[in-house]
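Heads up, there are several structures right after this.
Heads up, the next two complexes both have chain A, just with different partners, chain B and then chain C.
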Partner chain A sequence: MPIFEIVFYAFSLVMLGAAVMVITVRNPVYAALFLVLTFFSAAAVWMLLEVEFLAIILILVYVGAVMVLFLFVVMMLDINVDPLKEGFVRYLPAGIIVALLMAGELLMVVWSKGRFEAGSYPLPAPNPQGYSNTKEVGEVLFTQYLLPFEVAGVILLVAIIAAVALTLRQRPAVHRQNPSLQVRVRRDERIRLVKMKPDSRQDS
Partner chain B sequence: MTRMDFLLIAPELWILTMTCVILIVDLYIKEERRGIVHLLGMVTLIFAAIITLRGDFGIDGTNSALAFNGTFIRDQMGDVLKLFSYLVLAIVFIYAKFCLREFRMFRSDFYTLTLEALLGIMLLISANNLVMVYLGLELLALSSYTLVAYDRESKMGSEAAMKYFVLGSMASGMLLYGMSMIYGATGSLDLQEVAAAVGNLSGDNYLLVFGLVFLVVGLAFKLGVVPFHMWIPDVYQGAPVAITLFIASVPKMAAFAMAFRLLQTGLGELHTDWSQMISILAALSIVLGNLAAIAQTNIKRMLAYSTISHMGFVLMGLLPGTASGFGAGMFYVIVYSMMSAAAFGMVILLSARGVEAEKIDDFKGLNQRNSWYAAVMAMVMFSMAGVPVFVGFFAKWLVIAAALETGLVWLAILAVVFSVVGAFYYLRIVKLMYFDEPVTESEINAPVDFRAAISLNGIMMIGLGIFSSSLIAVCMASFGA
Partner chain C sequence: MPDTWMDQLIYMVILILKIVAIVVPLILAVAYYTYFERKVIGYMQIRRGPNRIGPLGLAQPFADVFKLLLKEIVLPENANKFLFLLAPVVTLGPAFAAWAVIPFDDWMVLADINAGLLYLLAMSSLGVYGLIIAGWASNSKYAFLGALRSTAQMVSYEIAMGFALIGVLILAGTLNLREIVLAQQGGVLDWFWLPLLPLFVIFIISGLAETNRAPFDVAEGESEIVAGFHVEYAGSGFAVFFLAEYANMILISALTALMFTGGWLSPFEGIPVIGDTFLGEGSIFWFLSKTVVFMFIFLWVRATFPRYRYDQIMRLGWKVFVPITIFWVMFAAVISVFGLIVRGS
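Here is the complex of A and B:
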């Protein structure tokens, strides 16, 4: 079925192109938007493999939440990225050597016999009708991978503690409202009654 | 899920529960009564030790028990390392309480975060699945990053935390990449199944070795061995000394367990491949760690470089891939965490009124100020240098024997030569303490629990040395040797 291949190659090419743009464009907002495009294409490729749940989660979590936060921070902080790129030329030779070495090793692995040849990973059989991705994921998540799932929850707890520990601070100089004290205030704390003698008016 | 699963993981559940309890209790106590948090922390550790010891699951050096579909393993190595983690963390708590009070940083975050880190350490020690290894590691790492930035006013602390975070995340990325390769090649995340699949694999296994390389890189980052050691000196120096004390002691045991699980349990079949990489890492660490430590005038930095060289020695224990080798590595790492705790404890002791005793010169003439503390520090330094009778000597002896067993004579000779080089900077501290005039005459004050802990910790250096055979036997038996 050529439509499968066409869709796959189209989205893969868009994904690769967008990924390259993420690291090459100068404007961080554009980079973030290209990253969104990359995630979308990846989600589309996943759809081809009939893993709808993961594809939708990718869009919901990464595009919907993470990237929006990203854009928010980039726009809020107005970071000038040019000084960050100053060392680029200086570190370029070392970077290129490492990159070439890694690329060479990767190619050796990819082209080594038997692993990534065409046909060594056949397409999975299409799922039967009524097959629920979400249900399948849920089933292994709460049986086979229960412990890792719970530990991931503990990691989130640590993240909360860390965020509070690093940012919560009491500054003595800051004036704050204390509603409980405000409510409990008594009349004589606010009003001072002063007895004065009535003036005798002089102009009449 | 049966009752057995929960019994096996009971120590971890206890620690997690108590962390949450401390988190809530702290909301309801006044600032001046915060000692309660410390007390709760100590109680947590003591009961964790009791729970770990009480469980009888027929575990010995060769038998282990699996829980939660094989994601969690209880074996003797894990139990012994966990018990020593509790012990060292208890010592850390005692030292840190004094230090944090002195620096006006005594908050309950320290206890919750270190206990969460301990949970990460325990899960890492007991991980039997690539996902669990990663999650345990992240739990430990996230808590450590936050702890390094514990002093919010300190610029160096924030910088160190940032460096630690960026490099640590990169290491985690490497580790994950390696794990994905191994999963791709073997089709399983379970370490035993990975081992079985590797054994059945025929032909060239480029993909596996490629994954292994990334795994070793990630491991080396976490252990802090050359050439992936850059973060160690900056983090040790930048973090408040109470935090450095923690980072330099307990997590090392987890790193050793992680190396054992990944390299031996999972990829034992690839022993020839990884032992080459490990031997290079070990040799570089021993050389660079010991040479760079000589040039340091800051004691935290000096101890950081000494950590790097000690981790090189620990790696030597992994080299032969035999039970006795792993036993030697385990003994070394346990001994090292105790030595490290004692050394940083002494730095805390000399720090006074919000100024850390960072300079080596702060140790000048300690003998005239207080001869017992000088003796404790001398014992720690002798032990680190590997002087006979002290426990550090036996640790070094065993790992060098392990290297010889592998036939790596050059590495053994290198290790001995650089131990001698290393002895220079350890003994320099001893010389400063005994033969130089003190720079200040101020009294050294510490609460009674601190004095007891540091004295005990110092005596352990020689006591464990004289009676080293029992601990060595326990370590060896953990691997069935």
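Here is the complex of A and C:
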């Protein structure tokens, strides 16, 4: 199936290229946009590999919500790029050591015997017609992994409450509007009609 | 999936023809939607609307389109040129891509996928990028303020909208749009607008906010920030933003028709005499007429209500809509579990 492969490799290449650009590009706004492109291509690759649900959720959550807020913050910060580059040479040795360590660890996993050889992962059988990814994920989440799923939910709830608590502080000098009071205002409370005699002009 | 090169080529050509068959009528619909809007608002304000070009002014949309396309494209000097030109395309892409999963009839759908509803939510959440990129790349205060306003607004109302759709999918028990419509079979009272009435109303109002339409058009706010995120765009760039905005309005109308008022199903279904004739059968005619009704509501609202204040928009979205939708999702789950709603009866 040549079309499948063309599309697959095209998206993979775009994804890898964009991922490299995220860390090399100078402008933080460009970096954030390249990260969006990376997520998007990753979702497309997942979609080709028949994990539609996760692919769409990746776009919905990371591209549609998380990265929008990221961009928001990055665009509003007036980042001067020059000071960011100042310590580059000084931190370079430490950075290289960390990078080498991580690369070594990855290679050890990849090269360990029999783990990533062609035979160890047989091609999965294609999903039958009418197979619903969403349904399968849902069933596993609410039966086999119910407890971790609920715990994750509670952790997120704690994070929400913490975020709200951080922003909720009393500032005495701030005037707050109460929309329901504003709506309830009657005409009589604001307007007073006064009958007066027109002034007679003095100078005529 | 066909195997030989030739088969795949034919498959691709047919696919592209199908896409053209959706996109071209959509663009025409956008053109005449602008005409419809100006006429409707004209008559609501006791004037005639466009009536000079062509009979009844019917050629007016084309005159506007050619005017915009022939205009010079102005690039602001300090703008980020690449992103500035990219932004309209990024806005238009998702607005059109979302139409891929819309079923016009029982069989008339480009991609009948199982996760159709999720796909729609994902596409509508992508639309924000065009605005935010346009606002930033223009390097203008007004454009940036407009972009921030509309992004915050869209992110907020997306939540209410998502919850409203969750109510639908709980009752329908599927994410496939075609099956969601089929789950509403049985006549007007079996459509989801009745059991999900609050979600139906909230979906329409959030739709107005999502597309930055009046009374939620603070993103454009002529009297405050000139025209919002597209203030620096002229000619064809502006035309593309315009096209995307109206395509999105039509999309929201089509979604309301699909999710809450039974898509292509006939309103006469199950009624003794009329229901037995051809009027009782579902067809694309019913889908389009329902969509047009909701498109009209967009215009009606615009001609009726003054613009919301920004803090009130945020309050309405987060403190009113989100709690109501969460409650009603629970309610929908309860009536679904206890079998008070019978799917596709």
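In this text, the second predicted complex is superposed on the first by the 163 of 204 C-alpha atoms of A that agree within 3 Å, B and C clash if a C-alpha of one lies under 4 Å from a C-alpha of the other, contacts with A are read in each partner's own complex, and residues count from 1 in each chain.
Going forward, contacts are C-beta pairs under 8 Å (C-beta built on N, C-alpha and C of every residue); 3 or more make two chains touch, one makes a residue touch a chain.
Every value quoted in this text rests on a predicted model; they were computed, and no experiment measured them.
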- Message: Contacts for A:N133 in the overlay, against chain B (first) and chain C (second): which applies, first, second, both or neither?
- Response: second
- Of the partners chain B and chain C, which touch A:Y145 in the superposed model: first, second, both, neither? first
- Query: Now for A:A159: first (chain B), second (chain C), both, or neither, which partner does it touch?
  - Reply: first
- Message: With both complexes superposed on chain A, which partner does A:L33 reach: first (chain B), second (chain C), both or neither?
- Response: second
- Query: Between chain B (first) and chain C (second), which, if any, makes contact with A:P198: first, second, both or neither?
  - Reply: neither
- First (chain B), second (chain C), both or neither touched by A:G87: neither
- Message: Looking at A:P124 after the superposition, I want to know if it touches chain B, chain C, both of them or none. Which is it: first, second, both, neither?
- Response: neither
- Message: Quick check on the complex: what are the chain A residues that touch chain C?
- Response: 1-4, 29, 33, 36, 52-53, 56-57, 59-60, 63-65, 68-69, 71-72, 75-76, 130, 132-134, 177, 179
- Note on the structure: In the complex, chain C touches chain A at residues 1, 3, 5, 8, 12, 83, 113-115, 118-119, 121-122, 125-126, 128-129, 132-133, 136, 144, 148, 151, 155, 158, 175, 311-312, 315
- Message: Please output the residues of chain A touching chain B within their complex, sorted ascending.
- Response: 105-106, 108-109, 112-115, 143-148, 151-152, 154-155, 157-159, 161-162, 165-166, 169
- Message: Give the list of chain B residues in touch with chain A in this complex.
- Response: 1, 9, 16, 23, 67-69, 71-72, 107, 109, 112-113, 116, 119, 123, 129, 131-132, 135-136, 138-139, 142-143, 145-146, 149-150, 152, 181, 185, 203-204, 206-207, 210, 213
